[in-house]
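Here the chain labels run A, B, C and D in written order, and each chain numbers its own residues starting at 1.
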């Protein structure tokens, strides 16, 4: 019913979409996969009306349409559930649901809150969420917010005659596994009312949910696979255009860590308010320690404590044998802690600053004389060295980091810490939003650092990643350590082992 | 959970608590401060400021800022006075039409302000600052520097006629405060201000015409500036190019002191009422307790900082610019 | 006693001499250009005339400028011949504007200026002198700066000694109060010289009225709205203790009157300063007991005239005595008895002044304390 | 011609265009002495704008600059007879401390800089009034010439203010582009969370930016005080808005991390040219302010680089 024919989109210097053919039938769930830069997001923007194609046709039930903006697309039943949390947190749930479409509840210029609340209740029922529509959104959990977003898009049902097409852009990225299950069953239920386009980096989820999968590469659809004939390897092969290493997580490169060496980080019965309690562990040189748990289980708070952003309320934290008393990021950095945050664009790199400026940001002292005057040529040399070493794709060292792709930004962040000699690296979702090639680069770097005797604390994007990469896993639930696993290659815990303790 | 709620509640009510503490303090220092007649005086000085501050509150909730109020107030005051006198000079004649005219003029000036900001894609700080110059300049061009006296007893009744101890202008201000509250809570436009302030790109992606909301916001602010202009003229009986002066910093300070955040999305017109009262109570109280003139600016500054510190939820703010 | 009468008489006499004086002026120009090599060196031909002042939003400055315009019209030129430099209360802009116009005119300039803040007078005068222009100042200058230190280029300085007149209005006020009770003073911008002098005038008068208490003196920044608020607060603090109000100028008095009006008080004795038309009207109605007219129209015109005539060589400033280089401007008291007469003569019909009678209405050489 | 490539150069192209337009109207404007004199006169304002640049560069604003300068004129005048050249040090220190106080209130107490600097400005203004006894003061001319005569002198026809301005712009440019502090400022302005996550002491950097703004405002006040040979709590009035306008017109928007001191140099000159153009075009007195506002809108519309503004608020 919804179809793109030979849709083309060009940007200055980039041919983003090359004659794309795309089709979705009534009640169908279509997966869309591809590496970053393959054109997925451009395609989605064309579908929901944020971009206008340069060539080709869009038809709905055979009728040609052209959308000037998302609003017009919505009027044709096309809605988008955004990757980033797209609810406005200072508004109530019902206001978010009907944002931009309040007019139906307005009589004589006055909003009828009661009517809106009732209508919102009905929408929330569709996604089986039982909350007061007058709740301020900021007090909801991430999973609840995701469902509210879905409910918001589903308002199209009442507004639009005809069929709905709903785009789900990485809807699972902030969800725990059981929440993902809930979402999926919901989506399957809803196929009676709408078709879905599902975009995710988590290949297993795409395979699980989709009826058909479009595989994109370099702005083209390289294959369309049905649910039954799809398998991860062949799809990844098509996406990347080369063989994906069987040993995806570089298990074969995992070497034992230096368990006898003095620990780099040591927690002794550390608690931080309600975030986590009574946590103890040692991080040794060369060790990859993974904190596993659901969102809010205390993983991030522990990272923040090590980096000095959050002072613990009780217990003893030592870095390299020194008991910490003042918790500041400056302190941690000077002791060799490096932090690769999840919000790469916000906390990782400074958009607007170029490659070498970003790389030396944490270690400017090393590139300046005592008066604080920078040796810029030395900075550039450093940047060139690491651009080569990590194969960072950038035209030169003057490139604004905000304009680099996600994987290259991540490499810049890692280069920043590695080149500064940090030997305690905190990785918070280091592969989030990266395509397969870039992920593998990150995995390689993790092994490389581990070999160099760097201690790594990891909060992984997926459980597989956690299992594959780590020497040690600590499972957390509600801020309390549930179980610790040793993960020698060949003798790793299973997914089930972990999930069992997480929930 | 209990403790968290108390803290949130405390932060929410902090401006009001500050206001009460200030009133008690000044009353303790000088009992005459605490009298009906003095409250009426504070009311008189607050009324025009409140209208201007409410106007800019909407803009600040959107996360923008408006610095054009001095110009807009002057233009509205001057055009009102010219029209009022030309059409008869008393409310008992058709000259009353000058009142709605002033509001329309305010709306138009605000509209232009918003269009300059949105269409030329100039940040509101700069656009409205420059528009403020244009407004003041235009008022000057109209008057040539002269003052226009508005002597009509009926119009001056705003100041001279009292109900229950307060002059009519206070009731007019309260009426418009209620209208503003109504707009804030019960109309789409009012709610959309919060949406834009809470997340502009998100609001845009939800199909909200953000630019339209912005332009409408500036126009609405202009209307409230016009009300402020009318009350200012009613208070002094003179319309001049300088009618608008000193409104800019005072009104924005009041809004922030009341607990509306400059980064948008939080606060509202009741906060602004409290903020305006805090600033005017301080100004009145300092004179009443006999503080020397030359320390008043400094004391006001220190108290403003204290008030904002108390009403900021520091746990929810990561950084401030 | 009527100050007005005396003043008007004086002016009328001067007007009779107008033709004569005008002829002398023209003759003077002709004489210099033909015969006077000594003067010709200093003289300019057809200099630009500029007035630099604070702003257009204040009736006082509007009066000043109307005098300047009347002067250029008396030269047979259009009003637009006068260049307006408006500093908006910024000494920095004031100085920059002067420099700019000196550059534009190559120093062929007759400048009348109030430099906004006293310290700004020196650099302004220095700049004008260096460029070969001619300048006359009004109001603001520091005490160590004198026209005679700059040869001919710094033509003159006119100011008003406000202490005496302010003392006199204060006496009128204190008499009206019956010599007892409490008085409040609302002043100008605290650091402005006239503001200081006008308050001193009140204090001097109070010495003779021991039963009157000066309850408070607060700056109201020459601003109607601020005066309104300060007066409101005074009413709270002192209530009925206030039996008289001394205002530093008329615009302050308007704010005070409105504050009183809001309280239903309409018989409070008030005096003010400046003699703006609206204030004169209020004096005529008895709402203000007295104000002091400083004839800004004449002051604005004569300041420009002095600079202009010195520039074209009508007279040589360095030949003039000190009392012609630094002098006080005229002050005229306006009380309810003579307000009507004053209004008729000065407001409803602006007198035609003889702009070459530079020192006629002036009030003697400036004295420094 | 690719418009994207011209964009970064728009500020100085605008300046050049304005100069040419005024020059066509009146060739007198283009005389070197005039241009030099104009540049020299704008120096105090420029110095304040330089300081303001740092506050705006990190995404804040400094509304206390004018009051700090006012206070400095008083301090300078009072201190001159006792401390001689040391007066300069006292003034600079006073500005630095007040600016630092603004920074402290902004960063540690979470008061937006718009309010905190306004409030600190009130404190500075009160201090100035108290110190001056609420009257205009003047410096002894010989003492001034002996102590600070070098500030206002002339060498080869070039006023020394220009050298002072040039020195300060070079120094601040060096600070901005070649030092760790400058780099940290850029990081804080362009991406504060990332600066925190890189272990920078963001609080200290921000406080320093405001302190620097106060320091430069104090230098502006000192220079102005020497130039005018006196001090008064209102002497520097009228500096604030032109200084902010100069920074903004130069292309340092309020969103932080973009622009810099060179932009402010150009912006200040644009303001100076617009201001004197009023004279050259003989704009009627009652129209000047309106024309200024309109030209300002045009100039800002031309000079800001919108590609670096994520959201136009």
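Criterion: a contact is a pair of C-beta atoms (placed from the backbone, for glycine too) under 8 Å apart; a residue touches a chain by one contact, two chains touch by 3 or more.
All figures in this text were calculated on a predicted structure; none of them were measured in a lab.
Enquirer: Listed by label, which chains are in contact with chain B and with chain C?
Expert: Of all the chains present, those in contact with both chain B and chain C are D.
Enquirer: What shortest step count links chain A and chain C in the network of chain contacts?
Expert: The distance in steps between these two chains is 2.
Enquirer: Just grab the chain with the largest centre-to-centre distance to chain C, centres being mean Cα coordinates.
Expert: Result for the farthest chain: A.
Enquirer: Count the C-beta contact pairs for A-B and for B-D, then tell me which is higher.
Expert: B-D
Enquirer: At what distance in angstrom does the C-alpha mean of chain D lie from that of chain A?
Expert: Chain centroid spacing, chain A to chain D, equals 43 Å.
Enquirer: Mind checking the centre-to-centre distance between chain B and chain D? Centres are C-alpha means, answer in whole Å.
Expert: 29
Enquirer: How big is the gap, in whole Å, between where the Cα atoms of chain C centre and where those of chain D centre?
Expert: 34
Enquirer: Residues of chain C touching 2+ other chains?
Expert: If we look for residues of chain C contacting two or more partner chains, we find 56, 190, 219.
Enquirer: At least two partner chains per residue is the criterion; list those residues in chain D.
Expert: Only 129, 134, 193, 196, 286, 288-289 qualify.
Enquirer: Taking each residue of chain A in turn, which ones touch at least two of the other chains?
Expert: Residues of chain A touching two or more partner chains: there are none.
Enquirer: Okay, what are all the chain pairs that touch?
Expert: A-B, A-D, B-C, B-D, C-D
Enquirer: Can you name the residues of chain B that touch chain D in the complex?
Expert: 62-65, 71, 116-118, 120-127, 129-138, 140-141, 144-145, 200-201, 249, 252-253, 256-257, 262-264, 293-302, 304-305, 308-309, 312, 314, 317-321
Enquirer: Which positions of chain C touch chain B when the two form their complex?
Expert: 55-59, 61-62, 190, 216, 218-219, 223-226, 228-230, 232-237, 239, 254-255, 258-259, 261-264, 278
Enquirer: Which bits of chain C are touching chain D when the two form their complex?
Expert: Its residues touching chain D are 56, 65, 80, 83-93, 95-97, 99-101, 103-106, 117-120, 122-123, 142-144, 189-193, 196, 219.
Enquirer: Which residues of chain B touch chain A in the complex?
Expert: For this pair, the touching residues of chain B are 182, 186-188, 191-192, 194-195, 197-199, 202-203, 205-209, 265-266.
Enquirer: Would you pull the chain D residues touching chain B in the complex into a rising list?
Expert: My answer: residues 58-60, 63, 105-107, 109-116, 118-127, 129-130, 134, 192-193, 196, 202, 241, 244-245, 248, 253-256, 286-294, 296-297, 300-301, 304, 306, 309, 311-313.
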